[in-house]
Amino acid sequence: MIDQTTSLTPQAASTAVGILWLIPAVPIVASGVIALLKQPRRKLSATLAIGALSFSLLLAIFAFVHVVSNWAAGAATRETVNFTWFQFGNSAVDLGWILDPLSAIMAVMVCFVGLLIFIYSTGYMAHDENFTRFFCFLSLFAGAMLGVVIANSILLLFMCWELVGLTSYLLIGFWYQKPSAAAAAKKAFITTRVGDIFFLLGIVWLFAQTGTLLFYNHGSGSMEGLALGGLLTQHAALGLTAASAIALLIFAGAAGKSGQLPLHVWLPDAMEGPTPVSALIHAATMVAAGVYLIARVYPLLSAGMPLTASGDAAGTTTALIVVTWIGAATAVFAALVAVAQNDIKRILAYSTISQLGYMMAGLGLGGVAVGMFHLITHAFFKALLFLGAGSVIHGCHEEQDIRRMGGLKTQMRATFLTYAVGMLALCGFPLVFSGFWSKDAILEAAHNSAYIKGPYYLLIFGAVLTAFYMTRQVSYVFFGKWRGHGHPHESPRVMTVPLAILALFAVALGAIGTPAWPWFRAFLEGHAASIDIHTLFEADFAKLLATSTVIVFLGLGLGWLLYGNKSPKPEEPDALEKTAPAIWAALRDRLYVDELYSVTVIAFYYRWASVADWLDRRVWGGIVAAVAWVFKMSAQFNRLLDMHGVDGTFDKACEELSTGGGIVSRVQNGRAQTYLRILAFAVIALAAILIWSVKP
Amino acid sequence: MGIMFYLIAAITLAGALAAMTLKHLVHAALAVTVAFAGLALFFLNLDAQFAGFAQILVYIGAVAILVVFAILLTRGSELPKDGVFSRTWFVGLPVAAGIFAVLGWAVIASSKALPSDAPTPAVNVHDIGVALVGRYVLPLEILALLLTAATIGAVMVALHEKERAK
Amino acid sequence: MATSPVVENLSTNLDQIFIITRDWLTHFLPAAWRPAVDVVLSVVVIVCVFPGLFALTTVFERKGLGRIQNRLGPNRTGPFGFFQPIADGIKSLTKEDIVPASADGVLHFLAPVILVVAVFMGFAVLPMGRNMVLVDMDAGLLFFFAMGASTELSVFMAGWSSRNKYSLLGAMRAIAQMISYEVVLLLSSVSVVMITGSLRLTKIVDAQNQYSYGLPHWYIFTPWGLAAFIMYAIAATAETNRSPFDLPEGESELVAGYHTEYSGFKFALFFLGEYLAMFSISGLGTTLFLGGWSAPLEVFNVVPSWIWFFGKVMMSIFVFIWMRGTLPRLRQDQLMNFAWKFVLPFTLLDLLVTAMWRFMGEGWLRWVVSTAILAGAYVLMGRVSMYRQHFAPRKYRYAD
Amino acid sequence: MSSPLTGYLVVAALLFSIGLAGALVRRNAIMVLIGIELMLNAANLNFIAFWRYSPHPEALTGMMFAIFSIAVAAAEAAVGLGLVIAIHRHTGTTDLDKMNRMRG
């Protein structure tokens, strides 16, 4: 492990980690340059943003290759560069960056997906007048996100985290002329802020307990044995150890950013932003940052977990249980809501929430590799779905209601094919698609968990629902007859080519995480990977495969039964609504979470605000008024004194003076010559005095 | 104290007196020019060549012309209807006489202390120039500033008010 | 120079012929009287020579103008009309002297007298040849300008005392013009004073009476000197009310300017005064910039110095006449704008350049720098004033 | 009179008094200015005279004072006459007896 604690320029570190800081820095600099450009410099700004991110991608691939080769050679796979930002007293605020399998693979993913989405955006935003600003924000976002990825200091991570939140806010509100977009931006910002407060508390607590902000620092980082051991001995309230309490606080931050229950409400509204933004930020990268954060601090969550002799988890911790339950609950909840949505992007948004729940559950149950694998595959196919949705919206003249689409499979062939790949990957169609392998790993972990069984059934149910709502959406959009206005058209090449690339990855990525060749897991956990084709034929796997297949086909079949090729009128009630109106209404209204918040939290704040207002007006205002009154009265008194006492005397004196002045002022008659005469007279008088005084 | 002195004194004083008493303003201005010329002669008589020629250049070449212009621009060349002297001239004259009395007394009283005669100073224009840019350079610069300010000020004051209002 | 002693002696004697003659004349008198008589004699010579020159110039001017305007000029009186000035003189002396009834008699009489006296005074300090200067004053240049300034007052007296609106307007124009250009005249001379370090005109000539490689050290042959000379020439033309600056006497507008109401001998005095002013100002220009009485090449030193001086003066007069025959008259506003917005700033800049020249020391660098600054400023100011100019068909407000 | 300087001083005093009298009794503002100029000139005469008969004329003090005074007087005349012209344009008069709007 290479370590530079004080110097900013790493000498002994490898080139890969030495230049790692360039990965976020280049897009941020590009964003700054674009910010200075004039609005009409569209081509230049897009070129700058794409070029910067391409550069970052090259660097990320270089770093990734470096890590992989190190890993293959059996060398250390974790390198850090740390430096002191500033020092107060004995405590130093350290910043740094890290190169390990987790950050390397994440950086490659962010850069790659980001680059595709950047390219896609040049087509999607081509007619927007604020094209330049859009790329400025996008570039800033990419830089900040990459900063989150490579951060080795929880403070640096938090700074980039907040920067990511800011760009998310800016991009959701990109069309700020729309009141709904502005409101959604505010909602996203404030809701995530709730989680971030807890996150910040967690950071402060962590810093107070361990005395360092660095994750890994040659054994003295907060994620390393020494610090964790210390944390385990501390006890917080409710029987929790300090480690669990801090982990839960950090998880609150992650939940805010990743849209976990109960802080998920902002994410569907965030679909008001441009579709590439939805794809990049609210599907592939930023929302996954929460998952990534949990993966990064996983040692903290799992601290104190008893291990078996082989190193596998032999138990679980409170923090992990909480993460698991919240993830599973979110997965099912969001999938349920997604069933009854009519907005193409909103369905995908709830789907994202649901899948994030899967990732969290995966992290809680199966560890970093399981969660991260789903994160990576999901990033590709969800970005694919969002971009496909964007392509559909673009082709249908900015129409987002799936009831007003239909039959697009002929008009938008490329979009349909790629979208279908994404949809099948999301559903977890067996064997072929990457989604199957990643989701399967989670289900397997849930199934194998010896301590909690509930999440397994929840996740199974969620999987059925996922297949169902995706079938419903695809049926509405691509099958049946065209029900919208105007004539739909296929999107330009610049948009479909990224779709195709993403589709390719949505299929191919599964290969790195099959039980037969668990390369991804091995890479992340740092042991050698081996191909064992026999695992595919074991009874356990066959059982699981069967279950998954049943689940997927159940969902697909139900969906096709209810919606397939029906092309109902937009005004017609939904097929499900006919059978179970009460449930439909509840689902359509998103299980009343927003309403619940508005009658509880928001109403509480209103009440509290009015109390504060009352307090301000009556109590504090009253005191101020009383003080003012006292002063006013004394001033009145003073005035009376002045008028009658002082002024009387003064006026009298002035009158006297004025009378006297009248006499004198006759001399002051405005004639220059009079003055001159008086002057001369004075000279004579003075000279006369002189003469008399000289002549005694 | 030769005949030259009395001649010049007579010219100068006559010019000054004429300037102060002549009814016609233009005549008065020309008479004062004679007084200025007399003073220049005085300076030459006192071996102050540079000052004398500067006196001619400035007073006869510039100030007299300015006065004449001012007279013409203010229609002063027409004879005033209600006399040339102020209503209170009878106060002014005794005051002036008093000043002369005082000054005269001072001169006479101190005449014994005055040097009787002195050799012609060996000072030429070159020395004056050296002194101006040497010992007296600060006054010279200040004077330059003053003249610039006065020029601008005079133009501003005499400018048509409508133009200035723009 | 390989000139024989005889030639050298002859040349020296010729050069100093006036001095020798004067000394010969005065050596009959007691020694105490000599200085006074010397001065009187010199004054008499000056008073005789320059009016003679004036007479000659008038006939040259009329004939020259005639040539320029494609006519013959005076050719009746004497051979080629050379006796014309004599006839003119007799005519003006015998004419009736008319004084307008409302005129201010005393001033009307004094004006031409003061003018001629003031102009004659100027010649007192001009070195007209080697050792040929009436009063070698320490502040000679200042004296010259002081006398020049005095003429303005006489112009005013003439204009005002005539009680004629043309006279008064002409006088006002003349004074405004003379004051404006006197500033330039003075400042352009100051550059020479800066280099020479003296106001004494003989010293200024001595400073230029040197040769390197047989070429003279005249100030006109330096960048600043050339610029100053051009400015001086412009100002001199305006100062003497010569065309194209002859607005005060613009006969189509003001009859004859400030001497409209003059006739006979007084008019002749004005006429004389103007030509004398021309001579004296040319003489000063010659002294300041053209090396005074010094010969243009070292070999020509055998020729008497006074010939060079008068030759140069006559050359200047010829240029005056030439300009009169060539250039149209300026408008009053053009005249003033030209003085204050071009000539004066350029002269001030030239002073700066002169100071640089003075302190940069010997070498080619100061030539390049001075020339560059002056040429650049000239082009720039010309461009700016051209930019301000609005070339458009003129509108005649009352003549449509 | 014992010293030539006395003569100059007396002449200067007379000149000053004449100027002052003019400034005091003339109605016209321009004439008042001329009177003031005469007073200044009288002072200049004093300076030059004292310089001429001073023990150290090469110090040039009086001479310099006179030269500066001449220059300042020129500035004063320019500004003063400009004021008179402005006042004349404003009120139509140069009569000082009528210019009394600044009376107390």
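Which chain is which? They are A, B, C and D, in the order written, and residues in each are numbered from 1.
Everything below uses one rule, namely that contacts are C-beta pairs under 8 Å (C-beta built on N, C-alpha and C of every residue); 3 or more make two chains touch, one makes a residue touch a chain.
This one's a predicted model, so the numbers in the text were calculated from it and none came from an experiment.
With steps allowed only between chains in touch, the distance from subunit A over to subunit C comes to 2.
For the pairs A-D and B-C, the larger set of C-beta contacts lies at B-C.
Centres computed as Cα averages put subunit A at a distance of 88 Å from subunit B. One simple way to say how far apart two chains are is to compare their mean CA positions; for subunit B and subunit C this gives 29 Å.
Centroid to centroid, with C-alpha atoms defining each point, subunit B and subunit D lie 5 Å apart.
Within subunit B, contacts with two or more other chains are made by residues 50, 54, 62, 69, 86, 91-92, 95-96, 99. For subunit C, the set of residues that touch two or more other chains is empty. Multi-chain contact residues of subunit D, defined as those touching 2 or more other chains: 20, 24-25, 96-97.
Chains touching one another form the pairs A-B, A-D, B-C, B-D. Residues 86, 88, 91-92, 95-96, 98-99, 101-102, 105-106, 109 of subunit B are the ones touching subunit A in the complex.
Note for the complex: subunit C touches subunit B at residues 107, 137-139, 142-143, 145-150, 152-153, 156-157, 160, 168, 172, 175, 179, 182, 197-200.
Listing the residues of subunit A that touch subunit D in their complex gives 661, 664-665, 667-673, 676-677, 680.
Those residues of subunit D whose C-beta lies close enough to touch subunit B in the complex are 1-11, 13-22, 24-28, 30-31, 33-35, 37-38, 41, 44-45, 48-49, 51-55, 57-58, 60, 63-64, 66-68, 70-79, 81-86, 88-90, 94-97.
Residues of subunit D touching subunit A in their complex: 20, 23-25, 32, 96-97, 99-104.
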